[in-house]
Amino acid sequence: MRNPVPDYLHEILDSLRDDRAGAVADYIPQLADADPNVLGVALTIPNGRTYSVGDDRVEFSIQSISKPFAYAAALIDRGADAVDATVGVEPSGEAFDELSLEGDTHRPKNPMINAGALAVHHLLAGDDATTQDRVTRIVEFLSELAGRVLTVDEEVYRSEIETADRNLAIVHMLRNYGVIADTAQSVVDGYTRQCAVRVTVRDLAVMGATLANAGVQPVTGNRVVPPAVARRTLAVMAGCGMYDAAGDWLVRVGIPAKSGVAGGLMGALPGELGLGTVSPRLDTHGNSVRGVAICERLSRDMGMHLMEAEPHGITAVRGATVEGDTTVYEIQGVIHFPGAEAILDRLSGDAISTSTVTLDLTRVDRFSDVGRRMILEALRRLTLDGHTTTLVDPDTVLPDPDLGDGRRPVVHTSLW
Amino acid sequence: MRNPVPDYLHEILDSLRDDRAGAVADYIPQLADADPNVLGVALTIPNGRTYSVGDDRVEFSIQSISKPFAYAAALIDRGADAVDATVGVEPSGEAFDELSLEGDTHRPKNPMINAGALAVHHLLAGDDATTQDRVTRIVEFLSELAGRVLTVDEEVYRSEIETADRNLAIVHMLRNYGVIADTAQSVVDGYTRQCAVRVTVRDLAVMGATLANAGVQPVTGNRVVPPAVARRTLAVMAGCGMYDAAGDWLVRVGIPAKSGVAGGLMGALPGELGLGTVSPRLDTHGNSVRGVAICERLSRDMGMHLMEAEPHGITAVRGATVEGDTTVYEIQGVIHFPGAEAILDRLSGDAISTSTVTLDLTRVDRFSDVGRRMILEALRRLTLDGHTTTLVDPDTVLPDPDLGDGRRPVVHTSLW
Amino acid sequence: MRNPVPDYLHEILDSLRDDRAGAVADYIPQLADADPNVLGVALTIPNGRTYSVGDDRVEFSIQSISKPFAYAAALIDRGADAVDATVGVEPSGEAFDELSLEGDTHRPKNPMINAGALAVHHLLAGDDATTQDRVTRIVEFLSELAGRVLTVDEEVYRSEIETADRNLAIVHMLRNYGVIADTAQSVVDGYTRQCAVRVTVRDLAVMGATLANAGVQPVTGNRVVPPAVARRTLAVMAGCGMYDAAGDWLVRVGIPAKSGVAGGLMGALPGELGLGTVSPRLDTHGNSVRGVAICERLSRDMGMHLMEAEPHGITAVRGATVEGDTTVYEIQGVIHFPGAEAILDRLSGDAISTSTVTLDLTRVDRFSDVGRRMILEALRRLTLDGHTTTLVDPDTVLPDPDLGDGRRPVVHTSLW
Amino acid sequence: MRNPVPDYLHEILDSLRDDRAGAVADYIPQLADADPNVLGVALTIPNGRTYSVGDDRVEFSIQSISKPFAYAAALIDRGADAVDATVGVEPSGEAFDELSLEGDTHRPKNPMINAGALAVHHLLAGDDATTQDRVTRIVEFLSELAGRVLTVDEEVYRSEIETADRNLAIVHMLRNYGVIADTAQSVVDGYTRQCAVRVTVRDLAVMGATLANAGVQPVTGNRVVPPAVARRTLAVMAGCGMYDAAGDWLVRVGIPAKSGVAGGLMGALPGELGLGTVSPRLDTHGNSVRGVAICERLSRDMGMHLMEAEPHGITAVRGATVEGDTTVYEIQGVIHFPGAEAILDRLSGDAISTSTVTLDLTRVDRFSDVGRRMILEALRRLTLDGHTTTLVDPDTVLPDPDLGDGRRPVVHTSLW
């Protein structure tokens, strides 16, 4: 059977190929000379598989798409408190190149605007970091995310550094307020290299999937980002990633995303997928026209939207049977809060007359952290109520079932 | 076994009972006289079960928590285009009582600030609606959401209408710009009644759960809100619901929510739960201090956060076995996009040599819409490849498996 | 001889007659139906003489030109402290109809924008004033300024009151902040009548001349406005009178001025003249296109500009002669500070050997207050130095020359 | 006789000596170490005489007081159109160090805020100017204004250049918008030297008097600034000189003025005087506390206020007598527009029956330009009416009385 996913992606690209709206960024020759017809898309599933079609091997500079990843790196390097002291998380309602400092603290409003991204870059690699230290840190981090060695496009870097007045202005202002300590030249230099890292849509999709996958790079299996950092990065992307159109993006697309001036766009839907697109013509917000259209299609066609309600766990308790002195509850599916609640409700509602209570986890796909804790609490209470508790867990979906008081249920690998 | 969920909620309330920070709203006696110690919380699961503890039967006025529901009602009554022409969806970065009109269109920036909520109220019940029509519409709609008949607190209404200068100012300004046509008195009168509807935390939890449940009221089972309207309402709540602290809320809590000046707070996490809290002391943003703390606890303890990545479907294909001329693929879990993708990848990757391909859906919890469509496409392609396809679907999780060309796989209720 | 001033004014009007730029205000029929070709100008000299040409007898509604006069009336009725507590004096840099309240006090930024003018109107005629009291007060005050009985155009009033949403919005907001206590309807009603008073360009010129004349109506000779109130009113007009083009107006024209939406414009150059123009077509700032052009012509041709430096008094001491035991200083011109300083410098520099010192004031036009005080101080010091002082003051330009210690110089009416 | 003016100034300083409000600027040691008790004042009369008391020989850096003079120099070097293309003239309503660029053009709003002053500095000395050229130009210009050779305080310069981040930020932003072409370092370097020029209060008073005197340095008698440039500079100072307190300053003081962070303050009242003060403690607007108080005293005591109405010329026609076939009009005072108008009115109102008309100018102090033109026009018309016209002009106050058609009145030096 031929996999229909690539066909579907081809169909999307074909439907957009003749859309020539927008204009290529032209403030430096390296961007102005980009082929405006380049068009590519890639999806990466949390299991690490990537689908890509179109110009999926064309390299372009990552530009502002580096911002959320640099934010994640700074959170790792410095911790949330230090990062929060430097940059806020509120939407600015303004274009990416506005200064947008908070009135009292002079913090940049968020890390997705240039002021915030420059302050974040400055946090990389510790207090005494040099320009080179910061560049090395971010390039290695982006490489880890992509699962391959990424490099700086020196030509793009050199062009951008020549027209870096706005960024120099911002850093001087941040220095003036004590937000940044290093020289303006050093910070802008490092940041400009950060933005000049070359990527493909496949890289972007894998990088996005890492965030969507709670920080585990789905191809290498490495934990590149702690879960709390991945969650916070996605939250900030959702609120601030699309500049002054954040609300509209949340309504229409609902996928945390970030675009770059070279035409790239990266998205990450928690638990679902990472995506990358490229098409250099930009709309007036600075977002890739066809990249946005691809995201809208994916969101609409596939229900890929943060607010898409997929009720979990309603059917978590598949049934209960009494066999002799044992009541067996057959559990199924992914047991997150709603599933666990359903189990607890059933266990607390039933008048259990048998001495043994068995939870059959054979059909359980996975426990979330809270799901696991809730089930262990139920087992603890059943034990306190005088029941003997046993688990049937052939796939070890509930490893190390410590009830908190040292006791553990007996675990079997099959019901009989 | 005693259900641990209420115990958990009691524990949260106890930990907050001595927190006396904030101040009760005092602009009208009916709010100033509220008992500041009232404290209650309720959770509603998409299956309709509600847990509540503390002052869970105390009634208070819904106030601004009516805003997202009125927005949903206006979307139902007028359609998205008409609503979009009247009010935007962008965060305003300002307090709830700022005018915050867009520069060019003079639309209020979003429906969660007063200007937007007044414009939305004016849209209710059609073009020729009277004050009474609008009030009847919203009270009935809120009642449907709550699953019981709600009423207006006439005393609160009368007090608020006496100090309605700011809202009158806003409506006169919106009339001036042609955004509102009816008289200022009529619109403010109706809106003030909308805000004076009496609710409990249990009502709020059920109402929130309806949005979280894609619009189906989980107790009555009635579809009160179309899925697209529920999704859009949640998206606007996520971006604009907590006024000038929207980004911080998204990072720290990650549950779309809305607060009211009488101390209520309603949250809705798609597919997971609805929640209601009450505690009348407010912080400087106008949000209930202890209500916010409860939400933070729930989010932190239970991983209830929009960006919490719970990878779905990685293990969707439990295994494959060849029995004679049949290859049986055992599928499990909730089959949303990632699960379906995993199946498609396996089917397209395997060199299937048997003439029959069977998908065993016995362990499948549920298909999402896109998951269903992708599996049907796979079956269609397998058929075109010359395979005979059969389903084992004892629970009819894939009803009416039309392959699009009239053909259907054979469906069995058990594998053997 | 025919007076050339009217010829000059005719020449200005002729040069502008074919300028059809701008558009008549059209928000009410009474303004929309105005003859767009109406064109008139009037100048009033501080001595009370008025020159006027063109449509100088056409009546139109005073509109915003009432704002500075209402401000003067409120300063008279309430005192500067009470008025300052209600409305500021800073330019808003915004259009006339912006709310422009100060962040902390919620005072309207100045009395020339609508918010400020409504707050000022509310101050008229004392704390317990009714709508009718305020209207009576302002109409009588405007009539005193014009030197004839002015009346409200009831038709204009009725039309404007029907489209008063913006002003109602502003007053409700000011009520919300406690800046205004009366009902919104009452304040807007009174203010709308204030704006509907009918005037001609001759009226405006005389009213402006009263401010320019330190508050003395130049035709009736009545002191209508205290000097400090006139000065403050002119200062606020200079800073805020032309809305968001205040700086440009100060540079290009330099005459404190105020325009009205019916096409009128009133200017007042301290000590020099009052002027009124009418031409209903307005520019995008809401100022009369040809009215502005007339002011520019007058300023440019006649050096009528606040910053026009006309050095005073350099030649105040015409000469000194010694006749026997008397030194006679011949003084001339207007003796303001610079002239008085020149006299003091001469008196203190000369080694006066005669016992008598005589100031011959025959050629003195007038003393300003500070000039008078400085000369009396000089006479006192000369007396203390042992000199006998005498004045020659045939026109009594220095009446009652009390030296502060009861002594007075001998006054003669001629030198010999 | 001892001149009372210095006594008066001493009295003002004594009354303020114990006022310790405010704080010395402390962002660089050179300012932080200033003696906070320094207190001095100087007044310069348009005739060139300077009164000064207190610390009138103490030198301090001119700082922002250089801004209006640099604006005047740029107007001279480039013309008004080129300067207007670079910087606006509207009050910004913001502190001196806000960016305050206009939304569309990105011009700094006015030359009195740092952004405008940096752009203005960049205009000095022509298109190809180097840093040194600009510094030389402004130091020489300031020296010409002061009437002595001024120098840069190199220590202040070096300190300020080390903390110049805000100014560097501003220039990079202006470069980004194409408002400035030279390097940020060069412009900030030159501007910092401009601000570090050392002056005394006597210098400031003379420099202000030059502006007040229509551009003629009153000591040297050199025309340093063209009249139109002086007028425009004063107008911009009046509107924008005192930052966000411009309106209040115009109301309370009414003297165009500019303050500097080193404690200096310079004022210029057209036709009246220039003034300089020094006292290093600053209020929250950055203005010298005691400098402001001195200005308020001078304005209040001496009626020195732009809006002080001193009606001119009402008594311009002292009388008329008929002697034989001649009517003699005796004219007096300064003949600006109002005086000339009074003469024209009299000449056109009288039924003159004599063949000769004589204007006796013996008591005329001076004609303004418009006064001269009006009188010549009157003489022309009298001639056309058939009269013979003669002048009595012993002091040649109306030199070269060409009537425009080649004819001239007969001029006598005495009436008889």
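A, B, C and D label the chains in the order they appear, each numbered from 1.
FYI, contacts are C-beta pairs under 8 Å (C-beta built on N, C-alpha and C of every residue); 3 or more make two chains touch, one makes a residue touch a chain.
These figures come from a predicted structure and were not determined experimentally.
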Taking touch as defined above, what minimum step count separates chain B and chain D?
2
Over half of the interface residue numbers used by both chain A and chain D, so same, or under half, so different?
same
The pair out of B-C and C-D sharing more C-beta contacts is C-D
Quick one: chain C and chain D, Cα centre-to-centre, how many Å?
22
CA centroids of chain B and chain C: separation to the nearest Å works out as 62
Where in chain A do residues touch at least two different other chains?
none
Would you mind writing out the residues of chain B in touch with chain A in their complex?
1-5, 45-47, 49, 88-93, 110, 211-214, 227, 230-232, 234-236, 238-240, 244-248, 250-251, 254, 256, 270-273, 301-312, 314-315, 332-334, 336-338, 341-342, 344-345, 347-348, 352, 363, 365-366, 368-370, 374, 377-378, 381-382, 385, 387
Touching chain B in the complex: which residues of chain C?
99, 165-166, 168-173, 175-176, 184
